[in-house]
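Only one structure is covered here, and it is reproduced in the block below.
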Amino acid sequence: MSSRESIRRALDGEHPTLGRSVEFALLALIVISALAMGVETISGLPEQVTTCLAAFEAFVVAVFTAEYLLRLATAPKPWRYATSFYGIIDLASILPSLAGIFLSGSVLDTRALRTLRLFRLLRLLKAARYALAVDRLGEAWRLVRDEVLVFGVAAFIVLYVCALIIYQFENEAQPDVFSSVFTAMWWAAVTLTTVGYGDIYPITAMGRIFTVLMLFIALGIIAIPTGLVASAMSELRKRKSAPRKGSDAT
Amino acid sequence: MSSRESIRRALDGEHPTLGRSVEFALLALIVISALAMGVETISGLPEQVTTCLAAFEAFVVAVFTAEYLLRLATAPKPWRYATSFYGIIDLASILPSLAGIFLSGSVLDTRALRTLRLFRLLRLLKAARYALAVDRLGEAWRLVRDEVLVFGVAAFIVLYVCALIIYQFENEAQPDVFSSVFTAMWWAAVTLTTVGYGDIYPITAMGRIFTVLMLFIALGIIAIPTGLVASAMSELRKRKSAPRKGSDAT
Amino acid sequence: MSSRESIRRALDGEHPTLGRSVEFALLALIVISALAMGVETISGLPEQVTTCLAAFEAFVVAVFTAEYLLRLATAPKPWRYATSFYGIIDLASILPSLAGIFLSGSVLDTRALRTLRLFRLLRLLKAARYALAVDRLGEAWRLVRDEVLVFGVAAFIVLYVCALIIYQFENEAQPDVFSSVFTAMWWAAVTLTTVGYGDIYPITAMGRIFTVLMLFIALGIIAIPTGLVASAMSELRKRKSAPRKGSDAT
Amino acid sequence: MSSRESIRRALDGEHPTLGRSVEFALLALIVISALAMGVETISGLPEQVTTCLAAFEAFVVAVFTAEYLLRLATAPKPWRYATSFYGIIDLASILPSLAGIFLSGSVLDTRALRTLRLFRLLRLLKAARYALAVDRLGEAWRLVRDEVLVFGVAAFIVLYVCALIIYQFENEAQPDVFSSVFTAMWWAAVTLTTVGYGDIYPITAMGRIFTVLMLFIALGIIAIPTGLVASAMSELRKRKSAPRKGSDAT
């Protein structure tokens, strides 16, 4: 096995002697890096902790950059990796920090863009390939994709239409609260998902009657996809546990 | 093919050479017109944009009026079209604007009524006839219609009865909040759908005990129809994927 | 047919010539009387309307009293009717008003107790005997009664335990809001049903962590019974539509 | 039967003459003790009631200590009982009170720790062994454990990632409300469970758009496990009611 092949396998957790240790170390770094991003948000941190976090951030960027270059160098088809789903995520997770370092010399300026790194958590899914349930979820998704997409489009149209209607009823009574159709869409989304923060709600009689009708009719449109996925998953579980049902009849 | 027949087919997307292009252009106009109604609601728009929107509105009304007249003229039985579901919607979507233009010379006075035009978005459903999931939803609906209707009536009765009861408990303690049975029905609807804005809620001990009992008992009445539709839809999906289950036994 | 038998049949909607007209008239009176109770709650009604409502109330009480006495007189076993479910409801719906009239001479003093009359709406269920879905709901209920009862008891225990725990966390920080375990139970019920009015919520770190854990674990306990009833109902629908599945094998 | 064996059986409700009376008396004491903990939280109790509660508390601790020592003394393998699930709960339910009595001479100082005693309510589950539905729930849980665990981990990751993202959008606009990623996680949990207290919600356009997307995508992740458990339970019910379906074919 060439050393190039050896590096590639180590990164993917298929190395004969290293096994999954390199893969797991990288996954652990992703998780710790995500946690560090959370710690950074705490205000009033002592000076030393901030310094530590900046150093750790630099270390993480260095490791991820090295990993990206190694994956690129050892991939059988480098261009294919660079344009693959995980390749783009790997690049997006280091670019903002690298740009920050080279342009302004600071790692903290690009905090918002660094959240792109959270997409690397999706690598956890890849590592979880032994989890049967993840596969089953995938299969269930394929079964119900059509319905869910139709409902997704329908949900968006419902939100927009409900927002336009409630705007006509409430805008005059509460011009500051229902200030445009976009605020009304925020209201419609918060109401139809039954979150109901209470920051925005109808006060006119017509607006309230419309809200009640809307809730009773449209609640289903948003709640049904969940039921579809769950029911498809249990169906698949039954199939798996009785795979040779038909062949017994021979 | 007569030119009358030709126009009718073009409008319905069945024309041999034009295909669905006319139908899709009309659908696009419906969608853009709905979006324009949203843009109109933004306050503080510059003068030019308002002028543009008014012009676009006039254009939309002109096209929809032309479409309505053409459909009426080319229909095999004009009266049947005029009294059909889509015929009424098509008329309702232009009447308010036409009335506004002829009576006051302004297109903006009848804004509230113009929301009737949103019903034209239902034409999208007609165009989506290739979407299998829409059919399946229709079939599922027919399967569970009885249950859903019974639950709908039950839900209304539950709302009314709960409102009358909570009114007895809370009216004395909060005469401004629970001012009549209608406000109490608004409270009951917002509570039973678990939206819970927080604009109106019981504060007396009896009112709270009743609310908890009501939630535990009546929540089901409102949540069950959703489960019924979802379960009927997965059942139909199974039937479709195994249509000749019985005939194999021969 | 004796006139006694004739009266009994007319009240039950089984009279050969009157048919269901008497039954339906009584049901209509129940519904209108329920609506009148709602109208009474509107404040600032003009004098004439109040007088009208009081007169209608007296009329309703008179009719229901006459109905009760007739049912009692014509029942094959009067005592059995008087102690039956509907017999008790019929009596409870007139007693408060009768007591009000005889004791204080006013029909409006016993308003709270008069809500007992709402139970008469249950007679609508009896009239709806032709609705297949009501039967199916009854059957589904018998199928899942055990599970639902276990969940009901579990839900109450969960509410109480959650209330005791959150009280320990929040009472010191918000002594006025979480003032006793009963207020905490109100919080637990409003939170676990995801209504979330916003009148009472945890603010300490421990209280919030507990709330999140509680929501994720205990939400199921309250949501599952709904799913059970829905699934049992679809099962029954399938059985009904394929009743001779087994007998075909002969 | 030795007296040691006799005591053990009496405690477990298997005694030939005492039957389940001792077991039920202990269960009743657990329930009453839990209720007393609730009564203690009411502020402004008269002096006598407080004294009564303290006396009852001492009595409960005495009985539970005696029970623990008896169980320990009569168990075939005392160490095994002491380290079993119920053994640890039994000890944890008396230790805080005992420590309070011996250290400070007061039973009320350790109120928070005494909530550990609520775990004793789990003994009710043991007593409910005749309830078929409890078993069925256990079986259903084993069927869907995998899926539920995967969803549990996914739910935590979703909460954390959503919190990090909303923090980037909202922290600048509301530095006091979205003060750190932990507050943002509280927001994410309250929003995704659709409780929506209204104490914390996004106000920026980007934050609101993200919230709507998050709700539509992530709501399923939290709602699906409930559907899975319910569907597994109905499946088991069907199997139970038709156990010899296959063997009839012989």
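Every chain is named by a letter (A, B, C and D) in the order it is written, and numbering of its residues begins at 1.
One rule holds for everything that comes next: contacts are C-beta pairs under 8 Å (C-beta built on N, C-alpha and C of every residue); 3 or more make two chains touch, one makes a residue touch a chain.
Quick caveat: nothing in here was measured; it's all calculated off a predicted structure.
Would the interface of chain B with chain C count as same or different, where same needs over half of all numbers used to appear in both copies?
Both copies touch with mostly different residues.
Pick from A-C, A-D or B-D: which pair repeats the contacts of A-B, with over half of them the same residue pairs?
A-D
Tell me, please, which chain's centre (mean of its C-alpha atoms) is farthest from the centre of chain C?
Between chain C and every other chain, the largest centroid distance is to A.
Does B-D or C-D have more contacting C-beta pairs?
Contact tally favours C-D.
Through what angle, between 0 and 180°, must chain A be rotated so its C-alpha atoms fit those of chain C, rounded to a multiple of 5?
The rotation relating chain A to chain C comes to 180 degrees.
Starting from the mean Cα coordinates of chain B and chain D, work out the distance between those two points in Å.
Between these chains, centre-to-centre, one finds 44 Å.
Between chain C and chain D, what is the gap in Å from one C-alpha centre to the other?
Roughly 31 Å separates the two chain centres.
Quick check: what residues of chain B touch more than one other chain, meaning two or more?
182, 194-198, 226-227, 231
Name the graph shape formed by the protein chains and their touching pairs; answer line, ring, star, complete or other.
complete
Which residues of chain D touch chain C in their complex?
Against chain C, the touching part of chain D is residues 34, 37-39, 41-43, 111-112, 115, 118, 121, 124, 128, 131-134, 136-137, 152, 155, 182, 185-186, 189-190, 193-199, 222, 225-227, 229-231, 233-234, 237-238.
Any idea which chain C residues touch chain A in the complex?
Residues of chain C touching chain A: 194, 196-198.
Under the touch definition given earlier, write down the residues of chain D that touch chain A in their complex.
Result: residues 143-144, 146-147, 149-150, 157, 160-161, 163-165, 167-168, 171, 175, 179-182, 184, 191, 194-198, 201, 205, 208, 211-212, 215-216, 219-220, 223-224, 226-228, 231-232, 235 of chain D touch chain A.
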